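Read from first to last, the chains carry the letters A, B, C and D; within each, the first residue is number 1.
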Amino acid sequence: MDKSTIVCKCEEINIDEIETALKAGACQFDDIKRLTRCGMGPCQSKVCTNMVREIIAAYTGEPMEHIEYPKNRMPIKITRLGVLVANQETSSVVSVFKESVSEVDTNG
Amino acid sequence: MEFELVIIGGGPAGLMAALTAAEKGVKTAIVEESFALGGQLRQQAQVLENLPKEFGKQSGIALAKFFSNKVSSIGVTALLGHTMIGTYRNGTIGVSNGKDTFPIYAKKILVTTGAAEQAALFPGWTLPGVMTIGAAQILLNRERVLPGKEAVVLGCNSISYDIAKQLRACGVNVQGIIEKKSIDEIDKELIEKFESENIEVFFHSNIEKAAGKQHVEKVWIDNDVLKKEREIDLVCISNGLYPVTEPLELLDCEFTYIENLGGRIPKYGSSFTTSNSSVYVAGNAAGITCIEGILVTASIAVTGILEDLAILNNIEAKKQKEILWTELLKAETGRYSKVHDARISLVNDFLPKEI
Amino acid sequence: MYINDHPLLESEFLEEITFFYEGKQLIAKSGQTVAAALMGNGIKVFGVSRKLQQPRGVFCANGRCCSCFVTIDGLDHTLSCMTRIEEGMQVFFNGGDPVVGRGGSGI
Amino acid sequence: MDKYVDIAIIGSGVVGSSIAYHLSESRQKEIIVIDKGFPLSGTSGSTQAWVWVHNKSPSWYGELSMYSAELYPFLEKKIGDVEYKRTGGIAPFFDEEDREKALKLAEKQAEVGIKVEVLNRNQVLEKEPVLSSKIAGATYSSIDGNVNPFRLVELYIKAAKKNDVKFSFYNPVIDIKKESGFFRITTKNEGTYTAEKIILAGGPWTKELGSFLGIDIPVKQVRGQILVTEPLAPLFRHTIAGMRQTDNGEVLIGYSKEEVGYDRRTTMEVIQDTAKMAVDYIPALANANLVRSFSGVRVIPEDGFPIVGEISNIKNAYLAVMHSGVTLSPLVGTLMAELLLEGETSIDLGRLSLDRFEKKSNGAVVQ
């Protein structure tokens, strides 16, 4: 098949790019992800998972069951930040500023 | 929000389970991301032949209506337009409805997220007009919109048969079915069905590429002997299903890989309980099966849940489950016997943990 | 194109509603998704991809593939297959995404 | 299989690969880098990758960070474009009372030559109009920036490979023993390596590596969860304490810290809290889609400061473990190369020695 065929529809990563990552030594989906961004778009590899796994299997000669699935991350579906915040009034995430000045206070 | 049972996914498995649970007085909610209950039944105009006896023979669309009417009359909370997007630290599920995001507490969670369709790789598969066959059926029967006028279908299987027929009935010219396998590898009965409908099947063929300026206009069918170029505006991909398991992964369920169940699936025991003891799975999410298998696995799971909630005693539950497993064995015969065998070995592997 | 007399389904009365696509007024049927409303009006190309500017439209129709993004009432990258069309809705083609580099971030 | 090398580096994250590259520049030694996974599968691949200086305190620590930040432009000339951008850093505060603390910080940092400005609301909004008008002020320094950690580690490794450094990936170290002056490093897949010198740069796994040699390395594992939006049109250009926008338009948001061991899950609590922080800082982000979240388990020495140098009771065994690996990698790589090849360093490493923890337990004052 034409190596310029898109595999990951969201990030528009083609067969050639995936094989280049394989040649660089990556042999699992998540490693290919880091090198190429394959599967990192809005669908979060829901569409390309098995197509990429098949390319990995063909390249490495490993059976499909040894080819790991990419790790799923929250949110399962894209969600607007405002929808996540909604009625939330406070945040437990400390600010960098607060943290640094408290260190000045104690370590100064 | 707090419930005794929260069901993720309002398709046939989820609805079946919700009905049984609610009948026994369990405070139940269904989290469904779409605007209606029924899942993929909602566009299935074909008559479902092998439904459990009590349902007779009816179309998926009719069954979806039956289920959703019954579910709302029996007091199940249907959270439509709600999507499970994650989990909180203690395993409580996080749900978003497009305006707000909040936890839903539940004693038991049943994941019935069903299956998704496998895409297929060929140059041009990303063009508009190339879609999964399920998408074409949704447009056709749920939305009453024509997905195209001139079509080819990739994949010769029972799903593509049903939908090709429906596409044609609505005026789409189905130019042919493209199948990678040779004629000997395909079920004879299915080939006859296509023949009787005068739908041509190109065996040992593939789509070499699809092309078009703005949307798909042409496909090149590649075959050992001939290359066919076809002018079309619709390519439907019927390349099989795989279980949708994202919620189970975020609920920390352990997984295994079983080709005959559709690839990666959660480990589960004879009550369809996963390695996370408050999480159950049923339907296609527990391995791709037939409609009867979907409904029966849901019944087994809900029996396990009722037992866990001490609504059914152990003896009753055991009896019930035995009957249902026999039913499941009957449902999963013929081309589904491999599914059943795989399921049995999965359940047997799980046994030590249940003790 | 709408199927007005569906040969396989009971006829259903669906109220007609109006919406706007790229500022142009169009007719949809109530209860439809935005994706279907566009397809019903003969619109197949909903947007272009970010990097290669290739056309995109409905692929899975089930809220998973994110291929059918459009802009609805000011919110871009909205799934048209999971959003119900509403009277007066303003729908726009998913184009003009920023051309950006290919930098990475953790997964 | 038994292979001899001069120097074995355990860990090919940003710290290990920087040390490997800097050591290899003179091409004097045979070097191998061994990693349990593939580069960027650990901490270095799960960071916002700020090169952050301005409110690192106390000021000697800020000073080290500043030296390292200053090395980045030179590093890029040697190994290639790691997308280092000196964007300037803004750390906002919302309460007027915090201004005094900000001024105190600026004063302290000035002592070591880090220029920190304390901005009022209008000055903040002038620099970054997209920030919330509810912000009372911010500390600002032009020295802060960020880098693409993927490019950084990839190019460190590439440059090191060019200088004949060997890499062994997907190959966990399962034992280290010192025998007749040499380190025998047993690996899962490639047998045993014998090395004259060994450098532990295992990030969050450093404690485990130390235990092979019978030493306790006082570090904690701290999880940080980070949110990633869809690519957006350029929205802001500074590195804002808590978030930055990458070259490809994604906004990375997060500053959570949890001690939960090596657990890289994300949780809805922190995702929602982080989203809240993002929208409080930049209200326009409310409409942006969150595509995914990820977490990194970072290593933090018990007192927060890097542990770099030779382990005093094990000759030829070295440690390089720190929280801000991205910020410090050029400097730590340079200093380690000096230490191993010349025996002395241009900046005194005394303060960063592992020994400080023992001194502490004896009641002596450090720093």
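Just so it is clear, contacts are C-beta pairs under 8 Å (C-beta built on N, C-alpha and C of every residue); 3 or more make two chains touch, one makes a residue touch a chain.
Just so you know, these numbers come straight off a predicted model, no measurement behind them.
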Key: B-D or A-B - the one linked by more C-beta pairs in contact   = A-B
Key: Centre-to-centre distance between chain C and chain B (centres being mean Cα positions), rounded to whole Å   = 24
Key: Averaged-CA centre spacing for the pair chain D and chain C, given as whole angstrom   = 44
Task = For chain A, write out the residues touching at least two other chains, lowest number first.
result = 6, 9, 30, 34, 40-42, 46-47, 73-75, 77-80, 84
Residues of chain D whose C-beta touches two or more other chains = 45, 150, 230, 266, 268-269, 271-272, 287, 289, 292, 294
Remark   = So chain C residues touching two or more other chains come to 49-50, 54, 56, 59-60, 63-65, 67, 75, 77, 102, 104, 107
Query = Touch graph across the chains, line, ring, star, complete or other?
reply = complete
Ask   = In their shared complex, at which residues does chain B touch chain C?
value = 33-35, 45, 61, 116-117, 119, 126-132, 134-135, 138-147, 166, 169-171, 214-215
Inquiry  = Quick check: in the complex, which residue numbers of chain A touch chain D?
reply    = 25-28, 30-31, 34-35, 40-42, 44, 73-75, 78-82, 84-85, 88, 90-98, 100-101, 103-105, 107-108
Key: In the complex with chain D, residue positions of chain B that touch it   = 85-89, 94, 101, 103, 252
Task = Please name which positions on chain B make contact with chain A in the complex.
result = 33, 83-87, 94, 96, 98-102, 116, 118-123, 125-126, 209, 242, 246-247, 249-250, 257, 259, 263-264
Complex interface listing, chain D residues touching chain B = 265-269, 271-272
